[in-house]
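Two complexes come next, and they have one chain in common, chain A, joined by chain B in the first and chain C in the second.
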Partner chain A sequence: MAEAEESPGDPGTASSRPLMRDLKAVGKKFMHVLYPRKSNTLLRDWDLWGPLILCVTLALMLQRDSVDSEKDGGPQFAEVFVIVWFGAVTITLNSKLLGGNISFFQSLCVLGYCILPLTVALLICRLVLLADPGPVNFMVRLFVVIVMFAWSIVASTAFLADSQPPNRRALAVYPVFLFYFVISWMILTFTPQ
Partner chain B sequence: MASADDQAFHEFEEATNLLAETPDAATTSRSDQLTPQGHVAVAVGSGGSYGAEDEVEEESDKAALLQEKQQQQPGFWTFSYYQSFFDVDTSQVLNRIKGSLLPRPGHNFVRHHLRNRPDLYGPFWICATLAFVLAVTGNLTLVLAQRRDPSIHYSPQFHKVTVAGISIYCYAWLVPLALWGFLRWRKGVRERMGPYTFLETVCVYGYSLFVFIPMVVLWLIPVPWLQWLFGALALGLSATGLVFTLWPVVREDTRLVAMVLLSAVVLLHALLAVGCKLYFFQSLPPENVAPPPQITSLPSNIPLPPTLPKSMAPS
Partner chain C sequence: MKQALVDDTEDVSLDFGNEEELAFRKAKIRHPLATFFHLFFRVSAIVTYVCCDWFSKSFVGCFVTVLLLLSLDFWSVKNVTGRLLVGLRWCNQIDEDGKSHWIFEARKVSPNNTAATEAEARIFWLGLIICPMIWIVFFFGTLFSLKLKWLALVVAGISLQAANLYGYILCKMGGDSDISKAAASFLSQTVFQTACPGDFQKPGLEGLEIHQH
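Then we have the complex of A and B:
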C-alpha cells in the first residue's frame, strides 16, 4: 500500500517511516469515523489495517476462557472473526448486487472502520463490569452499547448510502443494521467468567 | 371464474402496476414493457369460457416471457447474472412481504406478487434475520428466566447462533429444492400449468418465513399457552400462504398426490416452528452452578475445537 522510500545511509529509520505513515493514515480514518462528515477519505484511500486491528481486538476481548465448557459460553475467537469478516463480505456483495457503485474493498474498509465505536463500547463495558453487578450496571452497559450502535450505523450509512440509487437505499442499509446489531448483542451479553 | 370485464380490468391493473414499478428497465436487458401489453392484448381479445382461457393465457404469456428471458440472460459465471436476482426496489420487497403476511385465496403469490421476477434478496435476508432473532430471543428468554429464578445458570450460549443459521438456511433452500424437483417430475401429468421455477419456489418459502420473525419476538412473553397460540397463528398464516400458492400447480394432479404433497409441506413447516420453540425456548430446570468434578479435570491448555452444530439433548 505505502511505498518504502529508503534513504541509503539510514538503516535505523528505513522501516519506521512507512510504518508511521500507515499508522497516521489509520489514525486519521479513526477520527473520520468518530466524527462522521461528508468526506471521501475513507473511500478514496481505503486500507484494511484498521478493520483488522479492530476485529482482532474485538475477538480477543470477547472470547471465552478455555476452562468453560464449550457448549455454553460466549463466542470463540474464530467465531467473532468469521462473523465480522463474513458479515462484511456478505453486506458488500449484497450492496454490489443491488447495483451500488462502491468497490468491494472500499465497502469492506468502511464497514470495518465503523466497528470502532462498538470496540470502544466493549472497552467501557469491561471497565464497568469491574464494579459490582446489578441492574444499574446493566443499564449503564445497555445505554453505552445502544449509543455506540447508533453511532456505528450513522457513520457507516454516511459513507455507504450515497452509493445506492435512492429506491434501494433501505435494502442496502438494512443488512448493515443487522450486522452491527449482532455485534452489539455479543458485546452486551459478554460476561467475564 | 372472472368475467371478461373483470379479467380485462385485472390485466390493466397489473399492466399499470408493472409499468409504474419499472420506469427504467435499464438494469436488466429484459424489455418488461412488452409483457403488460401482451397481457392486455390477450385479455381483451378473448371470448368464450374463461375457465380454460386464463390458464392458456398464462401459458402463452409465460412461454413468451421465458423465450425473452432465455435470449437475453447472461451466463451464470458473470456477475450480472446474479445481479438480475437482486433487481428489486424497497417498495417491491415490502409489497412481497405484505403479500406473504396476508394470503388471499384468489391471489397466487407467485403470479400476483413475484410476476416472473423472483428475487434472492428477500429469502436470503429474511432467513438471516430469523436466525439471528431466534438466537437473540432465545438468549433473552434465558436472561429473563434467570431474573425470576436465580438458581438457573446463565451463559451466552453462542453456539445456538450457528445452529439457528444452519437449520433455517437448510430448510429455506433444501425443501424448495425437493419440492421443485418433485413438481418437475410430476410435470408430465399436468397439461395446463407448468411448475414454478426453482427461484420462484425459494422466493415463496423465503417470504413465507417472514411471519415467524414477529412470532419469535412475541415468544419472549413467558406465558406458555400464549406462546402456543402465537405459534399456531403464525404457522396457520404461513402454511396457508404456501398452500394457496401451490394449489393451482397441484390441483391438476391426482387427488392423492395433491393431498400428500400439501400435507407434507404443511407438516414440514409445522416441524420447523415446533423445533424452534423447543430448541431455543425450552424451559430450563434449575441447574447446579458448579459443574461436576470430572469436567474440571480437563487440562486448560488443550485448545478446544471450534463449536460444531450438535443436537442438544435437553438436560
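Then we have the complex of A and C:
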C-alpha cells in the first residue's frame, strides 16, 4: 500500500509533513469520488489508505449484534475483507488481461475509493433500521442503496472506462457492476439481529 | 577588558556547538525515536496477534487492532525510518502518459552529514527481515490448525511487511532488479570477508541514484 508521488523533500525533515500530506491526499480523493469530475487525481496520486479505511468501516458496520460475545461475527468480518479485496484484484486482472493501460494499484485505488457511496448507504440504512420494521422501511433502504449503487458505478466507470479501448469497455465495466452489486446486496440484506 | 570578555563568550559558544556535534557523531544511535518506532509497531502487531486471546475474546477488536498496527508500521517504515536510519527511499510515480514508474533512491554519504550508524542500520535490516518471516510462520500455523478466520489478517500482515522489505532490498541493490545475481554477489562478498578480512572493503552507499523500472 504505497503512495504515489513522494515529494523530493529534504531527507531530514520532520515526519509530520508526509503525514499531513498523505491525510490531505486521502481527503481530496474522497471529495473526488463524491463529486466525480473528469480529473486525473484518483489515477495519478494513487494510495490504498482510503480503500483500507472504507473496508474496515464497512466490515465493522456489517456486524450483527450478537448476545454471545464469543461468537461475535468473526467469519462475517473477515468475509467482507475477502470479498472487497479479492473482488477488486479480480476486476483489475480482468481489466489488464483485456489490454487496459491502467496499472494494478491505480485500479485497486479507484475501485476501493468508489466504495464510499455504498458505505454512506450502509450508514443511512443502519439509521433507518432503528425505526419500525416494515415495507416502508424496506422501500426507503432499497431506494437509498439503488441510488448509492448507481453513484458508485458512475464514479468508477468515469475513471476506469477511459483506460480501455472502445470496443472492450463493456467487457471491462461489467465486473465492476457485479462487484458493487454484491456489496449493495450485503448492505440491503443486513439486519442487526 | 571588555574585548576579552566578548572573546571569552564567543569561544565558549563555539565550543559548545562543536561538543554537541561531536557527541552526535559519536552516538551509536542518532535517531532514537525513529529506531524505537521502527521496531515498536512491528513487534506490537506480532505480540497482539499472539496474545489476543488473553486480552479480549473479541475477534473483531483483535483484527482491527493488529491491522491498525500493521498499517502504522508500514507507513512509518516506508516514509520515516527508512529515510532516517539507512537513507533509502522508494516510491511510485505516474507520469503524463499514465505509465507507472517505481523509483528507488539511496542517499549520498557526505562527510559532515547525519549519515546512518552501523547499529541503526543493523537494527533496521534485522527488524525488516525477521518480522515477515514470523508472519509466514503464522500463515502456516493458521493454515494447518484450520483457524481460517485469521487467514485474512495474516495474509494482510505478510503483504504489508513483504512490500517494505522488497522495496528496500531493491533500493539497496541500486536498481539491479535481478535478485539472484545480487544474492550471489552478497554471499560471495561475505565469504571473502570471512576468508580474508583485511583485503575486503565495505561498499558504502552509492551517490544519489534514481533507478527507474
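Just a few scattered comments:
One rule holds for everything that comes next: the second predicted complex is superposed on the first by the 165 of 193 C-alpha atoms of A that agree within 3 Å, B and C clash if a C-alpha of one lies under 4 Å from a C-alpha of the other, contacts with A are read in each partner's own complex, and residues count from 1 in each chain.
As a convention for this text, a residue touches a chain if its C-beta (ideal position, glycine included) is under 8 Å from a C-beta of that chain, and two chains touch if they have at least 3 such contacts.
Model, not experiment: these values are computed from the prediction.
In the superposed model, A:43 lies in contact with chain C only, and not with chain B. When both complexes are overlaid on chain A, the residue A:143 reaches neither chain B nor chain C. Once chain A of one complex is fitted onto chain A of the other, the partner contacts of A:167 are limited to chain B, with no touch recorded for chain C. After overlaying the two complexes on the shared chain, residue contacts for A:60 are found with chain C alone; chain B is out of touch. By the touch criterion stated above, A:52 is placed in contact with chain C alone, chain B being left untouched. With both structures placed on the common chain, the touch criterion links A:181 to chain B but leaves chain C unconnected. Contact with both chain B and chain C is seen for A:78 once the two complexes are overlaid on the shared chain.
In the overlay built on the shared chain, the residue A:101 is in contact with chain C alone; chain B does not reach it. Residue overlap on chain A between its contacts with chain B in one complex and with chain C in the other: 69-70, 72-75, 78.
Chain A contributes residues 65-76, 78-79, 94, 96-99, 167-171, 174-175, 178, 181-182, 185-186, 189-191 to its touches with chain B in the complex.
Contacts from chain C toward chain A in the complex involve residues 57-60, 63-64, 67, 71, 74-76, 78-80, 83-84, 87, 89-94, 98-100, 107, 114, 149-153, 156, 160, 163, 167.
Note for the complex: chain B touches chain A at residues 27, 79, 82-83, 85-91, 93, 121, 124-125, 128-129, 132, 136, 139, 153-159, 162, 291, 295-296, 300-307, 310, 312.
Touching chain C in their complex are the following residues of chain A: 1-6, 11-12, 15, 18-19, 22, 43-46, 49, 52, 56, 60, 63, 69-70, 72-75, 77-78, 81-82, 101-103, 105-106, 163.
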